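So, here's a batch of structures to check.
Two complexes are shown next, each including chain A; its partner changes from chain B in the first to chain C in the second.
What follows is the complex of A and B.
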C-alpha cells in the first residue's frame, strides 16, 4: 500500500543567469493506493502526473509531505533501505522503443534482472530460465518464438508486453504505468490495458495509471479511484465512475468534452465545455488556478484558492466554488458487466 | 489472451551456415563494388594528375635554374629524366597505366630515377601508419573514456572541465600542436630528439637500441596527433552517451537495481555504436598521413612523399599515393559496414 500525504514538488527557481521562475509540479497531493487496487491520474501535459510517477519510483525526492510505502515513511529510511523498498515499485514506460536495450535479446532483457532476483531468493540458473518463460507467458508472448529475438523485431504492443514482463521480474507490488499506451498502435492498446487489469486480479499488483485518456483510466481501474490533476493540484477525485458520470469541476468537464461522444455509452447534450485560454504556467494567481481558463469563472474565483470539498456521492470530492453538473453524461456501467470493448 | 500478432513471419537470423553464406555473399558484393570504385578513382586521378600545369622535366629544370645552375648544365641534368617520361599520347598512356594497374604494377617514379612506385609507397607507409595509428589509438581510448565520464558527470565541475577541454583541443589545428610540442620539448626543454624518426647512430633493424630510439622519437608526433584528435572523440562520445542515458532502458535498469557495472555496460555498448564507423573511417583516412606532423618531425611518410611528388610533378608516384589512400578508405568503409552487422543487432537482418 502506498499513501501520499500532502506531497509537494517544485522545480527550478534556483537562479541561473537570468533567474528561472519556479514551477510547482505538485501542490500538496494526497492519495491512497491500496494493495491490488488501482488509482488513475488524469490531466493535461505539465499537470504534474509524470512527476508523481517519478517520485513513486524514487527518481525524485519530495520537497515536503510524506510518502508512506507499506506504512513506512520513506524519508525516515536510510538510502539503502529506501532503494530496496522502492524496488517494489516498477515503472512501465511510455515509449516501448526507448525502454528496451536494442543490443540485448528478449532472453537477456529478462535474465539480467532475474539473475539479481535469483541471488536474493537463493535460486539457481534453472529458476531464472523457467521464470523468464513463465513471465513471457503471463504477458501473452510466446516464449518459443520470442526468447532469442532482439527488441527491434517486435511490434510496439509486443514490446510493451515485454516491458511489463521485465517490470515483473523483480516481483513488484506496484506498477506505475506512465502513459503506457500513448505510443502504441490504437488497435493494440486494449490488449495492454486488459493485461494490466489481469495482473491486478491475478497477481494482486496495484496499478498507478497515469494517462490523459479518461476511457483507458476507466477500463483499468473501474473499481478504483480517479484523480484529476490541474497544475499540480488535485481538483477532483473520487470513484472512477462517479467522477466520469457526474464530473463537478469544470476542468474535469473540459477533459471529458475533449472526447467525442460515443453513442450508446454517453448521452449527448448541448453543453460541451472547452477551456477559454491556453495554459500559462508562469502565472500564479492567488485564487483558483483554473479561473483564467474556466468558462464558468465568477468574480470570487480569483480571491482565494478553493480546497477539496465533498460532492454528492461518498468519496467524491472537488475543488470548485461554483460547480455545475455536466449535461453530457456517461451511461453508467452495469456493476457486474465487464466491458468487452473500449468503454 | 493471445499475442498481439501471430508469429507468421520468422524474422530470426536463421541457422548458422545460411547466415554465414549470406554474409559472405554480401561481403563479395561489397568488395566488387569497391574494386569498381578504385578503378574509377584511378581513372579520375590519372587524368587530373596529368592535367596539372607544368611537367616533371620543366619543373626540375626550373628548380635547377633557381638554384643557380647554369641553363646548359641544367638541360644536361634533366636529359637523364627523358627515359622515364612517356611521350606517347595521353590516352595510350592511360591504357598502359590501367593494364599495369591490373597487374599491381604502378609504374616507375620519375624523380627517384626509375624506382618502382610500389616500393616507394610501401617504404613510406610504415612511417605514416605507425605514428598515426598509435596516435589514433591513444586519442580514441582517451577521448572515449573521458567523454563517457564527461557525460555521466555533465552537471558538475569535472564534466564541464572535460567538455571545455574537448572543445578547446578540438579547435587547435594539428600543425599548431606539432610546432608547439616540437618547440617545447626539443628546443626549450630538450628532452626529445629532433630531426629524425630514429637515432641515426643506431643501425636500423630488429635490435633493442634502434627500436627504443624509434619509440622515443615517436612520442612527440604521436602526442601531436593524439592531442589534436582527442577533442573530437571526447565530444562525440559525450553526446552519444548523453543520448543513451536519456533512454528509458537505462532508467529501467536503475529501477530494477541492476549493478552499476551492468548499467555502464548497457550504456557503453549503445553509445559506442555511432563511434564505431567513425573510428574505422579514421583508420582509412590515416593512410593519407598527417602532412604537417610528418613535415615538422621529419618523418618520411606518405603525406611527405605525396607533397614532394606533387611539387615535382612525379605523375606515377602521385597516382600511386592517391590510389593507396583511396584503397585504404574504401577498404575501411567495407570493413566498417561488414563489422557493424556484428555489433548492432538492428542491422543484422536484411531489412
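What follows is the complex of A and C.
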C-alpha cells in the first residue's frame, strides 16, 4: 500500500541568528507497508518517528527519496491528485484532547467530513446520518449516547475512538497512529489497540504504528514488521517477534532492556544492555551513529557507517558491524509456577 | 544491570526483616484521609478514607487512573490541595512532623522540602525558565534558612554526580538546555537537597522515552537505597512500578481498593480492578492475545458512586451488596503458596483488598 524508498529529511541548518546546525531527521528510510498489514516504528525521542508519520500524511515533504502510495509516486503528481491520494492516509494523533474542536458535537465532528464524502459518492443526507451511526458503532461508541455530546464530556479513550471514527469517514487505506495511546488511561489503552487490530482484520486498513511501547506494537501487529529508528536511520528491522526475541543491534537491545519487568509475572532476561552515554544529536560521526553510546563499540565502528545487512532469519536486517544476538526481554513465568488467585 | 539491581534489593529486605513488622519504622503514616472538593453540585470527595503507611527504606507504588485521586493524595501529603479542595478529615504524620494537615504558614512552608521532598509531574514546568538551576537551588536553601551556601552547593554537586549529571554544566544551565530525562533528574535533586526522609514522585517518567525512563527509575532505586527513604511513586502505569516498588497501592474513584507487597498483588490480584489492569497490559513476550481490555470507563469526580463499591459499574463480579455497602479493606486469603515466595511471604504478607466478593469480611456470608 505504501512503499518508501530512501526517504531523507533534514531540518534547519540555514545558519541564521542562532546558527542552527542541520538535523537529519530521516536518513534514507526504506520500508513497505502492505495492504491490511502493520508496520511499527520504535525509537527514542528525536529519532525521527514523528517526522516519518508527518511525511506519510503529507504534512512534510521529503528532501529526497520516493514515497509510493498505492504504487504511485507522490512527487510526480500534481497538487490536486496528490491531495486526493493522501486522503487515503489518515492520522491518529497522540493527544485526543487537542485533536477535537471543543465547540463541535460528536455528530458535527463526523458529519462534516461525511458530507464531503457523500458528495463524492453521490449519496444523500440519509447516508451521512446512517454512516455516522455505523462508524460510531464500529469504534465501540454508543451512537444514541454520544451523538449530541461535546468532546469535553468524553473520556480520553472515548475521544481517541472518536478521532479514529473521524479518520474512517473518508474510507482510508492507511491509519498512521503516532503515540496514539500515550495519553489514554491505562485501563482503556488496550481497548484502543484492540480497535486498531479489529480495523485491520475487518476493513483491511493498514496501520503504521509509531510508539515507545514495544509491547503495544506487538499487540497491534504481531504479524507485521518492527523498525528501529536511531537518529533517522533504520538500524534494525524484521518480523516483530524476531526483533524482540533476538535483537541484533545494540541499540535495539538497549531499547528492549529498558522495558520494566512485571515482577512476579515475568522473569528478567539474563542479559541487559544500557547505553554508556546520553544522546548527543549535535555530533555527526563518520562511522556508526550509535558508536559513542554503544557498550560494544570497537575501533572500526567509528570509521565507516554500517548499512543494513541480513541477519540469520529471512527478512530480519540490522546495521551493525559487530552484531551479537542477545535475549534481553523478560519472559513470562510459567502459569503453574504462579500461585492461583483467591477463591 | 538487572542482576545487579536484584541483588541490591536484599539489604532493604533484611533491614525490614530485623524489625519483623515492616510498618514499625514509619516514614509517613496517613490515617483516615479525606479530601473534598466544593463543586456547584455539592462537596465531592476526591480522596476518601485513605490509610497508608510508607515505611522507611521501602518504595511504594501508588497506581490509579485519571480521577482516581492519586495526585490529590500526593498534594495532600504536602498539605497543598488546591482550592476549591480541602483536607476534610484525617492526619498525615511524617518523621519530623506530627500532623502535616495541621501546619500553616511558615511552619508548613519549612516542612515542605525538609520533611517531605516532592518531584512534580512535569519538571520542566516546575523550574523557573529565567534562572539557572544553581540559582534556583540557592533560592530554595535561602527560603529554608540555610546559611551555608557553600555546603548547599557542595551537596547539590554531589547529588548531580550521583544522578549521572555533569554538576558544573547542570547547575549553570537553564531548564530549556536540559533534556526531559535530565530535567526529571534535576527535579529529584531539588526534592532531596534539604535531606527529607520521605520522597514523593508524581508520574516521574511520563513523557520520557524508554531509555530515559529506565535511567530515572534506576536513579530512584539508587537514591532510595542510599538514603533509606520512604518513597512514594505515583503512576497510572502499573508496569512502571512493577519492577521497582516493594508495595503496591491501587486507587480507584478516590479509594484504596487494594494494597500489598508488589509481587503478591501482581501474582494474585484480588480486586477485580487490579486484576483487570494487570490483564490489560500487553506483554513483551509470551502469548500476546492473553491481554484483555478492561470494559467501561474510569469515573470522574461527579460520577463516583457515593455508596457501595466504586468499581461496581465496571465489575463482572458485582453482587447486590456491592451497590449498598462500601467494602472495607480486608485481608486477602491465599489458597496455595508458591515455594519461591516462602522466603519473603512472612515479611511481605499483608495484602488487603476492598471487595465483597474477593475479600469478604470474616463475618459476612456471600454467595455468588
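Heads up, the rule we're going with is that the second predicted complex is superposed on the first by the 318 of 343 C-alpha atoms of A that agree within 3 Å, B and C clash if a C-alpha of one lies under 4 Å from a C-alpha of the other, contacts with A are read in each partner's own complex, and residues count from 1 in each chain.
We adopt the following convention: a contact is a pair of C-beta atoms (placed from the backbone, for glycine too) under 8 Å apart; a residue touches a chain by one contact, two chains touch by 3 or more.
Fair warning: this is a prediction, and the values are worked out from it, not measured in the lab.
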Regarding the shared-chain residue A:166, is it in contact with chain B (first), chain C (second), both, or neither? first
Looking only at chain A, is it chain B or chain C that touches more of its residues? C
Is A:245 touching the first partner chain B, the second partner chain C, both, or neither of them? second
Given the touch rule stated above, what does A:158 touch, chain B (first), chain C (second), both, or neither? both
Where does A:214 make contact in the superposed view: on chain B (first), on chain C (second), on both, or on neither? second
Once chain A of both complexes is superposed, is A:274 in touch with chain B (first), chain C (second), both, or neither? second
Regarding the shared-chain residue A:100, is it in contact with chain B (first), chain C (second), both, or neither? first
In the superposed arrangement, does A:203 touch chain B (first), chain C (second), both or neither? neither
For A:258, decide between first (touching chain B), second (touching chain C), both and neither. second
Check whether A:91 is in contact with chain B, with chain C, with both or with neither, and answer first, second, both or neither. first
Overlap of the chain B and chain C footprints on chain A, listed as residue numbers: 155, 157-158, 188, 191, 194
Any idea which chain A residues touch chain C in the complex? 43-45, 155-158, 185-191, 193-194, 212-216, 218-219, 222, 244-245, 254-266, 268-270, 272-275, 278-279, 329-332, 337-343
Spell out the residues on chain B that touch chain A in their complex, using ranges where they run on. 1-5, 7, 11-12, 246-249, 251-253, 255-259, 262, 266, 269-270, 344-346, 348-349
Sites on chain C touched by chain A in the complex: 1-3, 6, 65-66, 179-182, 208-215, 217, 236-240, 242-244, 262-264, 266-270, 273, 275-278, 280-286, 288, 291-295, 297-298, 332-338, 340-341, 358-359
Show me the residue ranges of chain A that touch chain B in the complex, using the header's touch definition. 57-59, 83-84, 86-87, 90-91, 93-95, 98-105, 112-113, 116, 140-142, 145, 148-150, 152-153, 155, 157-158, 161, 163, 166-167, 169-170, 188, 191, 194-195, 198
